[in-house]
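Some structures to go through are shown next.
Next come two complexes built around chain A: one with chain B, the other with chain C.
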Partner chain A sequence: MSTTSTNPSTAPLTVPPAKRKRKLPGWSTAMIGVAGAIVLLSTTSYLTGFPQLTSTGTWQTALRLALPILLAGLGGLWAERAGVVNIGLEGMMIMGTWGAAWAGYQWGPWAALVSAAVFGALGGLLHAIATVTFGVNHIVSGVAINLLGAGLTKYLSTLIFYPLSNNPRESPAVPKFDTYSAAGLSDWLGDLEAQQRVGISDVAGILRGITTGVSPLTMIAIVLVPATFLVLWRTRFGLRLRSCGENPVAAESLGVNVYLYKYTAVIISGALAGIGGAALVLNPGQPGYLEGQTGGRGYIGLAAMIFGNWRPGGLLGGAALFGYVDGLQLRSGGKTVLALFYGAVLLLAVIVVVQLVRKKWFSAAFAIVGAAILYFVYFSLDELPSELTAYAPHLVTLVVLAVASQRLRAPAADGVIYRRGQGD
Partner chain B sequence: MRRRMRGIAVSAIALTSVLSMAACAKDTGGSSNAGSGNTAGDGCTLAAAPPAAPATSSSDDASAKVDGSALKVGLAYDIGGRGDASFNDSAAAGLDKAVAELGVKKENVKELTAAPNEAEDAKQTRLRQLAGEGFSPIIGVGFAYAESFKVIAPEFPDTKFGIVDATVEGAPNVTPLVFAEEQGSFLAGVIAAYQSKSCHVGFIGGVETPLIGKFQAGFDQGAKKAAPEIQIEDKYLTPAGDFSGFQDPAKGQEAAKGQIDSGADVLYHAAGASGKGVFSAAKEADVKAIGVDSDQYNQETVSNEKDVIVSSMLKRVDVAVFDYIEAVAANNLSSLPAVFDLKVDGVGYSTSGGKIDDKLKTVLEGYKAQIISGEITVSATP
Partner chain C sequence: MGTLRGKLLPPALAIVFSALLCGIALVISGANPLTAFGAMLTQVGEGTTLVDVVNSTGIYYIAALAVAIGFQMNLFNIGVEGQYRVAAVTAAVFGGSVTLPPGLHALAILVVAAVAGALWAAVPAILKVTRGVNEVISTIMMNGIALGLAAYLIRADVFGELRGNNIRTPEIPSTGWVPGISFGSSGTVFGLVLLAALLGVGYWIMMNRTRFGFELRASGESSTAAAAGGISAKKMVLIAMLLSGAIAGLVAMPEILGRDHTYNLNFPGGIGFSGIAIALLGRNHPGGIALGALLWAFLDKSGLALDNVGVPREIVTIMQGAIVLSVVVAYEVVRRVELAAEQRRVGRQTGTAEPVGGAA
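Showing the complex of A and B:
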């Protein structure tokens, strides 16, 4: 081994850098990530003695809570990929809840779904007219739609629901979807989970949670994730749509009708947000429409999208994380959320090892300090204060965003107002 | 080469420390509450029941008819307003009764409703509008109006104000209409302890405020008094400051499911509209629930789930509102009780649905008599 090869500074500069190993395809890294998360959770659950971390109930809750966020996030993804910032998701979601309740109590859940999509799409259309045709600032238009959505539904429900439910802020009960369980599989997994064996029972609990009592809406929402990916990244239509978000002038010069694509994207965005609203109304926990029931989930969907780096897979991860932590704190409270801290310590420890192997001393040291602080919090507290647990999902999102934000990349022309022919 | 060796050594050390770390989880983890409370069986070993209450002579003093036709009554509701199937509705019932019985004219009544998480000055504007239009008395339904009354009451010294659920210091024209929720909740706790088969009950509060804390405190004490070994789950949907916890049935449902999964089989909620989620979770799991504020068994909005409701803790906001309007009409505010408690039937329990049998009723009346006589004092903080 000669000295020149070990000391890069003396090597000639023209030598091309060593070819990196072929990158794994996206889906397999995602799989590895999911498997890693499951291993981490089941280890944490085993070591801390909180089976709730991977129990069926927790995952069912997580799925239910993640659904509206996922749909809103998908809506945001469509709009932003075409270069329109959609802060109005919350308003479109509110319109969706009203539309779902209005059609739902008369004609059943499928009508509710369609009507919610239509009402949401109307909100999207409005946003498109304002931002694309008239060049209104995207944030201003979005905020206006949020206010409009809240005000309009308030008016409409006083007009239509009040005579029916004697309450201007609430709709009559809306029939719900039947839920489906994977026959046989669900019971078998239930047995496995009950045995409380390390690892196996955890995986069984998680799988059972996402295969038991699933409504058609859940299936649709989950299918929409790969569908969005395929449409936006594997079709000509998708390529053109994304080109409007990256460089509309170039897209125009190649003959793409940028306005049309932006319109389409924002309308689809509104429809998806509307379906997110329907997911709230058709949730088995409540009778139907209730004023203020979206509770900022549209904004959280937007955060999940940024968290997911404007990609469907990442967005799914963000929504799942949010739903999971929220479900955990609602169901089991501060003690269990504290156990997650222990899981975070384990995760950081793994990161430390990886960084040490890669000889990144600084980030390793940073991770060690982080792990030490978290472990101290975990060890010194018996139960996380309720003020903190309620915001655990927000905190987790913040931490992840803070760690990952340097590697996030928004579409280049996101939020930039574009006029036809401006490139000439 | 040597550097690489050192790297490997460091990472090996780190790896071993991770592995040793893995053994450092606390042993005091949650294994104790891992569904172990789910020993569905014969219920709790109950404490000795209190002596039966002496037959009370209901002192229906049938006071002289008061004429309220000259009054202009303004009502400012909290979030939810008329039709919330909870305590705003109860206030509305009191107002309706005043219209029917005291001759208050319908056109002289004005009702306004608060929006969720609205700004403080929105409340002030609402009260100022009512006072400016000459309404008196003006009733603020909910402790959320306390701060606004501090500002508005001195501006209109001749207007009579009443506030439900709060006391406003230094404003002589504001009459507090407060309740002993902890006393009513104590009885709810007794009901839960007697109805539970697994000796495990749950409380779900909407927002973690001192007011909702009174419900929890009373419930816990009642359940413990009736069954000293009982296990109690407590959960608030949102922390103080975030009032969406009163308005989110989805969260109520998930929290209830969590408590049911950990073994609780009677749930008591003080979570406003979120309670609908609690009822539907209870129905799905076939366990029991106790309603709050008004007799929820008879409420239309939860009629699908009414068979799980064994009782409701009654907080008679309607009584307080009516009594207050009556006292104003008679110009005799000193006749109002300082606290609407069990003694004046300001709080209580409902028996609609027939789930409370006579035996339990005797027990409840016994506890009630002990609380009224002061033999049991119920603390208002958990």
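Showing the complex of A and C:
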């Protein structure tokens, strides 16, 4: 398998569509998207009678649950932009959780953060050695790192945590970060939310949710998104790093040390995934390290990155969506998640109108069918079983991939094995 | 270099390297590696360990075959994990709810399991063929959904029933059981371990002696070249994935029809991922896979003895992970060395200077 140069992970890509003239800059499209999402949620919550959709509690939980996904996704973004597919995010994240707990219970949350990054980076280093130096298939190495990460942490917890916590699957309690709230703002928004006014209360609830009880880790994670964008898209270093993911041979011909850039990217990727693990351990709802704590969030992070078309902004949107569904489910159960179906029907209705105006009959018909199915589900069920809602992100990812995979564009040399000097 | 040496050297190197690595880890954690490895070896003779190893080998073998079929077509079926779980629940529910004569009942359950596995694999296959969705991502997502679906289906108000602390599907009546080969106090070998052996033979014949196997391998090597020869890559992807899913569906059958007779909360997970590792270790060759499955089963089962000598048995998982990673690295290194040797040989024959890229 590793003997063939073709790689199964490079999906057949279509030629990107001819460049249309961009009417709006990226940030304003994003703002319109956010505004649209808020209007949609607020309408849904008003029509279905579920204020929880936009309540403070839901959004606070959503933010906490989105963090690990966001960080893992950022990790994936760094690696894949340099052309290394990182399925091993899950394993690096697991190593991060262990590292965070080990340093955290002894020296506090900041040490936990650093240690998690180091442990994750070690996983990244291993992935880099296997894929970059030895040219092992990226998926194979990733799967191996996932096995290794899980095994290593189990071994280390039995060895080190068991005498302390009397449970080989759990660490001693880890102290958390102090949280900060925007003091005056939070109360004022709370008043607004309590008035239950259409629209305004919803916005107030959402804003209060993401400005109350914010930990330094949250701030760091949020800052990492624009920071990643600036580093990768606005610096010489980033340009070179991305060129390794698009066309390593060309990069090499321009004197870029491709191996070095790939190593750096994958190690940073591991560190970010490790911090994502720390976000789980340092979540106020968790005592500390718990075996199986990551629950496939590394994979979801990867999905969020693909969802976001290998861009930091889109990744943020994907992580927010997945975190939100998770938070909603955790705070208010399957009934409220079902209300999201209603919201999806509304969204599809808008899409139908737009597609009809643009005279795209096929996609309009497709959206009508989708809306009908979703409405039927909403209408015929009382409550979504909690077993299934937990896996809503997986389903959403599949649907998005099925519908939009032609428009998503991975870095051109993503997953391709590169060897120095092969281009001559 | 001899081809046999090229085939056997990398896994041997990888196993020795991993054992060394784990030995160092043991020394650091204050244990004697020789005692640990010794305990693992003597454990094979104790109690039911040997029979457990055989049973486990059969199960791993089926999983690895499922993965290997995908690999032949250059497909990464990471979804074996989800496919065998969905198939196990479906088959257990089906088996527990129908009455059929002995023999036919078990056969019907096996068919249902294979079909369920194939259907679960059909989703990523169709997405790949029609929409160009990368199968790695879609199968990972299907694994997650499979977990949720299985948990939902065995809920007491759906198909399951509550027994003590455990939720399980209704028990399959004895007409659907597959008898094992009893070794008295040393345990019972699952009857369906023979099925694993049969599948292995079938896999070898299909790959090496049929037109389909040739087309599959050709298409996996180069889909464009195969297309020029009149082989549709899309059709091959679809068939390979369905076949892989069908075999994956059988993974849990030895346990369910031979011992448990039900799907419950204690259902073993992770066999699909082990299957990937074993298929890599055995290089998709039915014999190699058998050795890999045996090694995996041995590590799993005799690792239990480590607790007696005060070593956490999870060291075995580390060893397995290290073996996978080092075996793929070893294959790659050996390939490069052979390539360089070949280049030098050709260079000498044609009288040209030392070719570039000679170093591994």
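Keep this in mind: the second predicted complex is superposed on the first by the 397 of 424 C-alpha atoms of A that agree within 3 Å, B and C clash if a C-alpha of one lies under 4 Å from a C-alpha of the other, contacts with A are read in each partner's own complex, and residues count from 1 in each chain.
FYI, a contact is a pair of C-beta atoms (placed from the backbone, for glycine too) under 8 Å apart; a residue touches a chain by one contact, two chains touch by 3 or more.
The shown structure was predicted, so the numbers you read here are calculated from the model rather than taken from an experiment.
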First (chain B), second (chain C), both or neither touched by A:G151: second
Chain B versus chain C as contact partner of A:F229, first or second or both or neither: neither
Which of chain B and chain C A:P51 touches, first, second, both or neither: first
Touched partner set for A:Q286, first chain B, second chain C, both or neither: first
Partner chain in contact with A:G135 - chain B first, chain C second, else both or neither: second
Touching partner for A:P168 - first (chain B), second (chain C), both, neither: both
Partner chain(s) touched by A:E387 [first = chain B, second = chain C, both, neither]: both
First (chain B), second (chain C), both or neither touched by A:F341: neither
Residues of chain A at both interfaces, chain B in one complex, chain C in the other: 1, 6, 168, 387, 390-391
Touching residues on chain A, where the partner in the complex is chain B: 1, 6, 43-44, 47-52, 55, 57-58, 61, 64-65, 162, 165-170, 173, 280, 283-287, 290-293, 295, 327, 330-333, 335-336, 339, 342, 345-346, 349-350, 352-353, 356-357, 359, 375, 378-379, 382, 386-387, 390-391
Chain C residues within the chain A interface of the complex: 25, 29, 71, 74-76, 78, 123, 127-128, 131-138, 140-145, 147-149, 151-152, 155, 221-222, 273, 276-277, 280, 284, 312, 314-322, 324-325, 328-329, 331-333, 335, 356-357
Parts of chain B lying in touch with chain A, wherever the complex brings them together: 1, 7-8, 10-11, 14-15, 17-18, 21-31, 34-35, 79-85, 115-116, 208, 235-240, 242, 244, 247-255, 257-259, 261-262, 273, 276-277, 280-281, 284, 300-302, 304
Contact set on chain A toward chain C in their complex: 1-4, 6, 8-14, 87, 126, 130, 134-137, 139-141, 143-152, 154-155, 158-159, 168, 296, 299, 302-303, 306, 385, 387-388, 390-391, 393-395, 397-398, 401-402, 405-406, 419, 421-422, 424
